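In the two complexes that follow, subunit A is the common piece, with subunit B as its partner first and subunit C second.
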Partner chain A sequence: MGIGPTETVADHAADTPATAQEIAGRSPTKIALDRLRSDKIAMICLGIVVLFVLIAIFAPLLTRLFGVELRGGVPIEDTKADSFPIIGPPDYGFTWEAPFGLAPTTGDDNLAEWFYGARTSLFVATVATLVSTVIGIIVGLLAGFSRGWLDRVITFFIDVFLSLPFILVALALSPIIVSRFGADAASLERWSMFSLLFVLSALTWMTLARLIRGEVLSLREREFVQAARVIGVPTRSILFRELLPNIIAPIVVSISLGLPTFVTAEAGLAYLGIGVAGIPSWGQTVNRAVDYFSTYPVYLYAPVIGITVLVIALNLLGDAVRDAFDPKTRR
Partner chain B sequence: MSSMTHSGAQPQVATAPNTDRGGEPVLEVTNLRKYFPVKSSGVVRRTIGQVQAVDGISFQVPKGGSLGLVGESGCGKSTTGRLITRLWDPTSGSMKFEGREIGNLSNRQMLPLRKEIQMIFQDPYSSLNPRHTVGSIVGTPLRVHQVVPDRQRLDRVKELLEVVGLNPEHYNRYPNEFSGGQRQRIGIARALALQPKLLVADEPVSALDVSIQAQVVNLLQDLQREFDIAFLFIAHDLAVVRHFCPDVAVMYLGKIVEITDRETLYLRPHHPYTQALLSAVPDVKQAAIGGRRERIRLEGDVPSPVNPPSGCRFRTRCWMAQDICAKQEPPLLQIGPRHKVACHFAGEHGAMPTSPITLDALGVDQNGDHVSGETKSAEDLNAPGFADTWTDLESHKKSSERLVGDHIADRPQ
Partner chain C sequence: MRMKKPAVALATAALMTLAACGGGGGGGTTDGQPQKLDEGGAAGSAKDPDAEGPLPMPEGMQEGGTITVGSDEAPTTFDPTRAYYTDSTAILTLVTRALTQYVYRDGEMVLVPDLATDLGRPNSDNTEWTFTLKKGLKYEDGSPVEPEDVAYAVKRSFAIEELPEGPTYNLTYFLDGDTYKGPFQDGDDYRGVEVNGMDITIKMARPFAEMDYLASFPQFGAIPQEKDNPETYGNNPLATGPYKFSDYKPGTSLTLVKNDQWDPATDPGRIQAVDTWQFNFGEDLNRLQNEIINDTGEAQTTVNYDNTTPATYRAIQEEDPDRLVEGTSPCTYYWAMDQRRITELKVRQAVGWAFPYRNYWRSIGAIEGVTREGSPTLLPPGTNGRKEFDAIGNKGIETDPQKAKDLLAEAGYKPGEYELSWFFENDDPLSVAGKDQVVEAFEKAGFATKPVASTTETIRTDESDNDPPVNMITSSGWCSDWPTGGSWFPAQWDGDLVGQEGRPNPSMIKEPELDKEQDRIIETLPAEETAAAWGEFDELMMTKYYPAVLTGYSGTAMIHGSKVGGMENDNLRGGPTYQQMFVTQ
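The block that comes next holds the complex of A and B.
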């Protein structure tokens, strides 16, 4: 009667062509993405982020294109007696030979350093975000779904990790890992990168784990989970097929807010001396450039502007993503 | 009762001997209990009490028939449904599905039986995963149990959607695009996908508005006739249960207080709680002719199931309660061919006995004290179904009167 097929077709007839055979449903994720697409600021920020990603990916190509070379400085040839470079700022004008100038003392090219720095920044941020997100998801799902002693044990560990002071642990742990494993120069590079990623992800997964645990605690009491159990869906399937799609929103938001945090954290740690050895990074450039700020400010501006623009773009994008996925901010 | 004629056509249940009266039950529940522990807060969480959600209930659901389970919120009816579908493990008691004990099966052992026992949930807004399409929701049971090959799954889903009266072309829509009644139909299609023999319907229509309720109830009735599905119909709406269920069990605080066929229950209820429950139902006919039925007002709240009253659990709110009610728990006596009631003073409203009728069965006097030389009746009070022989109310009354003794004069009036 009234609840038959006719009723549902009528409300959709207006916005779909009558000829359309397939009536495609709009998933909540699709609705959120559509909302995101109509957000101008988000799209601009996405463009900036994509630009940085392209710079990072094509850093070798770009350096060749600009005719610069990474770490190609010869101190005696490229710098004067006062350690400032013989071309470009701060003593001379702009030159295409070195658009961002050369580094004092070493004579390395700043633009090449900047391109590769973007690469390090984004690589560290992406990997750390991925690792901490995966750990957070798995721990959160387990804690939320297990209830009882396992939940309490996991929650205890989350609390322990949350109580660790980030900077202190990073300062203490990183040299230990590096000196323990990074004996020679080749493995030093690998292990310094590993210790950075380890410190970053091991100390940041807890927030997401807590968030997800809370979400799962409320979702697991919903009847669709019980329906799945009545059907006989295996627990793993319930976790990843039934529950996980419902916590996509907090995960996406956590990722989009985590990326800029890691970019800053990487730079901050590099500035403090915990960073990747042998690989250019914005944080290290900042560390070196601070001494020359009064005489050679451009040296400092390049990495700082890079970090600022990237972080602001990622943050605004993250906000837009959160708004798009949050049902309470329907516009 | 028509279902009894089908009972012979089930070869795989040969293990279950067809003992009583030909009516083969699809589900037999005996003395089922579920206690939830109450834990203290703090680091060491000791169990400081137990919520006696379901405390020793027995009933049976005939093949292709339906039993209604009614009672107010928190009386344990939904818990019962979740025990039968094994969402929760029972504390004790037995549940037999087609003669096979299912109360102690592990999840793995239970898996093949999941096909036979399905559930319809109360809230259509939370029982469908909002991130899955209708096709995926209805197809999940087919996928998990490999009922049809993967390529034919979509066709089967469309068939099922058609069976429940939905447009089969809507399979790739999401639940948020449907109304409450349509969502409930999706839930029904999901439950039907495995062609179960028993459907536990946990308040399937109480979240829907009234005009939709009738459609969904009629749909369920059509499906029951078409596919010969037995229903355990959990509800608090007495009208819906009356429409749907030939047999009805009334629960109060984790116990069945009265179980009988619908005519007896609605016209001649014998338990005070059932009488109170029925008198609370608004009656349009009575209102139309201007007559006002006497309404039984129950005082107070339902006691906590953590610490239920001694003896009869209803006594704290019962206008008939006497000393014996606090001391002796009334047994669920069979007083008619299809009528069991658990009350010391069972009787039709207005004609309830003045002295307890259960004394003979319990072997006690009217104060609930044990009488020497008397023993409890050997009758199996936890039998899930109705026995062939029973003692009617009059005989109970007569045989109990001899135990009332001299004390009857002392009783304060």
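The block that comes next holds the complex of A and C.
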């Protein structure tokens, strides 16, 4: 839904007569942020997200702080003959040596794995969201603003990409990457990360592109756009200086909903064994831990809780952002 | 025979001696686990040529019912001539009878007659074996089993181009084995098998004392020539056993139903208790094992023939240890070192000292002392004539990076100079974990490492390439087909196999000394001396050439539902004893 700048301000002004004298100086974004700031749930969720971001950024520091080591387990020293860890759950009580316990069979530390898993998760989600958003914006703007054949061609490509089954493409790409880059561990890691990001972003930009195309279709007939054209403003400027600011709301909403989707998608793909091999990931931990659901549940809970909390926080935050940016929401 | 897991090719074994073979397995565990694998080595040793059917029906048995059998693997073929994997040969025992068979008796597998009246009668120098077919045997369609059908099955086993992957001892030992290409190319005219009344005589090119064991393979059953089509026969082999194919979806499922033409009086090794066998392949192992542990509904009559994961092993011991079946399987895993690429003995021995045996087993989910045990010799415990020795002095289990470094230095390599490379399965977390352990250990011992990523789908093809981008082949292993080294060395360690399609000799070892010695044992030694000679040969090859890092003897740990009766460990194949299983009341 488009937001005419003037309407928004007027609407909002009517709601809050107490701040009437500030009306003139407030942009729609500022109004939305003010609304967001007063939303307690949004602020709590934001806090949680920031916490996860900090964990992701400072993962190496945190592992040192807790005195744990990533993938440092020695199977026969850190696990017993039946492959279960020699300290901590499930057989012994909590210990600061391994707050989340050790992984069975390998003896690797779960907490370190969890910290680095958060890093992978957030990195993948952020990059994929950014890339898919940028592609979506550009394609949407172009399709919406250009009339005739270019619009039809772009719409056709959007439809083609929408018809590609996400999981199947991911499944098909994975063995190709392995057979092509299998011989070199470093390039395999790099390329499987790249292919993961590619799959995630290249197959998710279409919804946003369509949304923006629709917005632009209606906006381009508005007086301010026509005025700009009449006085000879170049198309690029019209697109990015006149139209883009007016469709910032659906973009923000799309980003806020995209992030949690990518977190779960990354975990899901890793669980299917087509994520990034060799890099710690919550999905991979879940994949290994499901075997131990009945015998060592804590092993499974840690990544599951990580994913759940992060996704819920991102989703609620996204809802709040959408509400804040939607002029029709009344508080 | 090859093993069901891509991880290891293997075979079945029977063990002729009762000699306890404790020794070599050594090493042990720091956790006081008993050395179970060594103790079980002598199973399957006995023969009973006079055994007669029918088997008594077990007590506590319920008439009918269905036993569901699940696995995360899928047998490649059920063609009797091609079946050489442990899972497919075990399942085929329910359907196709062979000349001889094994029956489970008090903890061991005993070789007894099947289609034949006895275990075969060799001539004095073991160059002619005569089997007499029982009278009154019928196929599932009611037509009689003729001795010509058995003769045809023997001829069919030479058609390795049309029917690849099967046992190939006939090529070495049978008359004209090197020239006859089977009935599809060379017609019916084969001198090596003769039919005389109910007698079938197989003629050898060289003395072959173990024909009675080999005759237990589905290859030596009965196949009527007029009903054979090599391309489709494996989708519905004509049943002579207690069950017949009802529905088979390759790679997915197999349903067996009762064969009413089977006469228990002729069969000393099988019962026909359940109505239906439902095999499901390619299952999710974790879900399957959890269902069996929870033991509700259909899971009560469900069996899983894969080894238990460590999680399942613990869970079943807490829930109901009676539903855990443990035992041995006479198999050895190894990492074969390509002789053309790792040429110095010192370097190969250094690899042996650098290999992180116990860390590796644990990280890939093997349970030390249950499904894996240290292996100082290639021939597993219990093999007749096995000589106890220690290939490089590490008891098959010790890791010593310093010794490896010293050996490398003696060979003239600086740390980090010598590169070892091997395939791993990038999409299997256990394989990745195992790779990580090996990389760490090799690097600690002064090797450079280059693990090459493959996938579960492609690793077998990658490793059977004769010129792969690696210098070690990891998915190797073998089980005896019969209880002497005669089913080991000619099958995988013969120089003539180097360069053949499918890399039958994974280490690519081709040493004139070894090949000459093999020929001497096969060609000249009397039957009673060969077993010990193979034991000596094992020592010669492993100490003087060390062509493979021996990564452990295998064991079996399987689980079943509470209403499954008669399930024991078939220690020839490391699977359930299907032929004697039933549903309990």
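Some points to look at:
Going forward, the second predicted complex is superposed on the first by the 302 of 331 C-alpha atoms of A that agree within 3 Å, B and C clash if a C-alpha of one lies under 4 Å from a C-alpha of the other, contacts with A are read in each partner's own complex, and residues count from 1 in each chain.
We take it that a contact is a pair of C-beta atoms (placed from the backbone, for glycine too) under 8 Å apart; a residue touches a chain by one contact, two chains touch by 3 or more.
All values reported here derive from a predicted model rather than from experimental measurement.
Using the contact criterion defined above for the overlaid structures, shared-chain residue A:Arg37 touches neither subunit B nor subunit C, since it reaches no partner. Of the two partner chains, neither subunit B nor subunit C is touched by A:Arg147.
Contacts of A:Thr105 after superposition: subunit C is touched, whereas subunit B is not reached. Contacts of subunit A with subunit B, set against its contacts with subunit C after fitting on chain A, share not one residue. On the subunit B side of its complex with subunit A, the touching residues are 82, 85, 87, 110-111, 114-115, 117-119, 121-123, 126-134, 140-141, 144-145, 165-167, 169-170, 172-174, 176-179, 181-182, 185, 187, 190, 194, 211-212, 215.
Residues 1-5, 7-9, 21-29, 222-224, 226-234, 237, 242, 245-246, 248 of subunit A touch subunit B in their complex. Subunit A meets subunit C in the complex at residues 71, 74-76, 79-84, 104-106, 174-175, 178-179, 181-185, 188, 273-274, 277-278, 284, 287-288, 290-296. Of all residues in subunit C, only 29-33, 286, 290, 293, 309-315, 358-360, 362-365, 367-369, 426-430, 432-433, 436-437, 450-455, 457-458, 469 touch subunit A in the complex they form.
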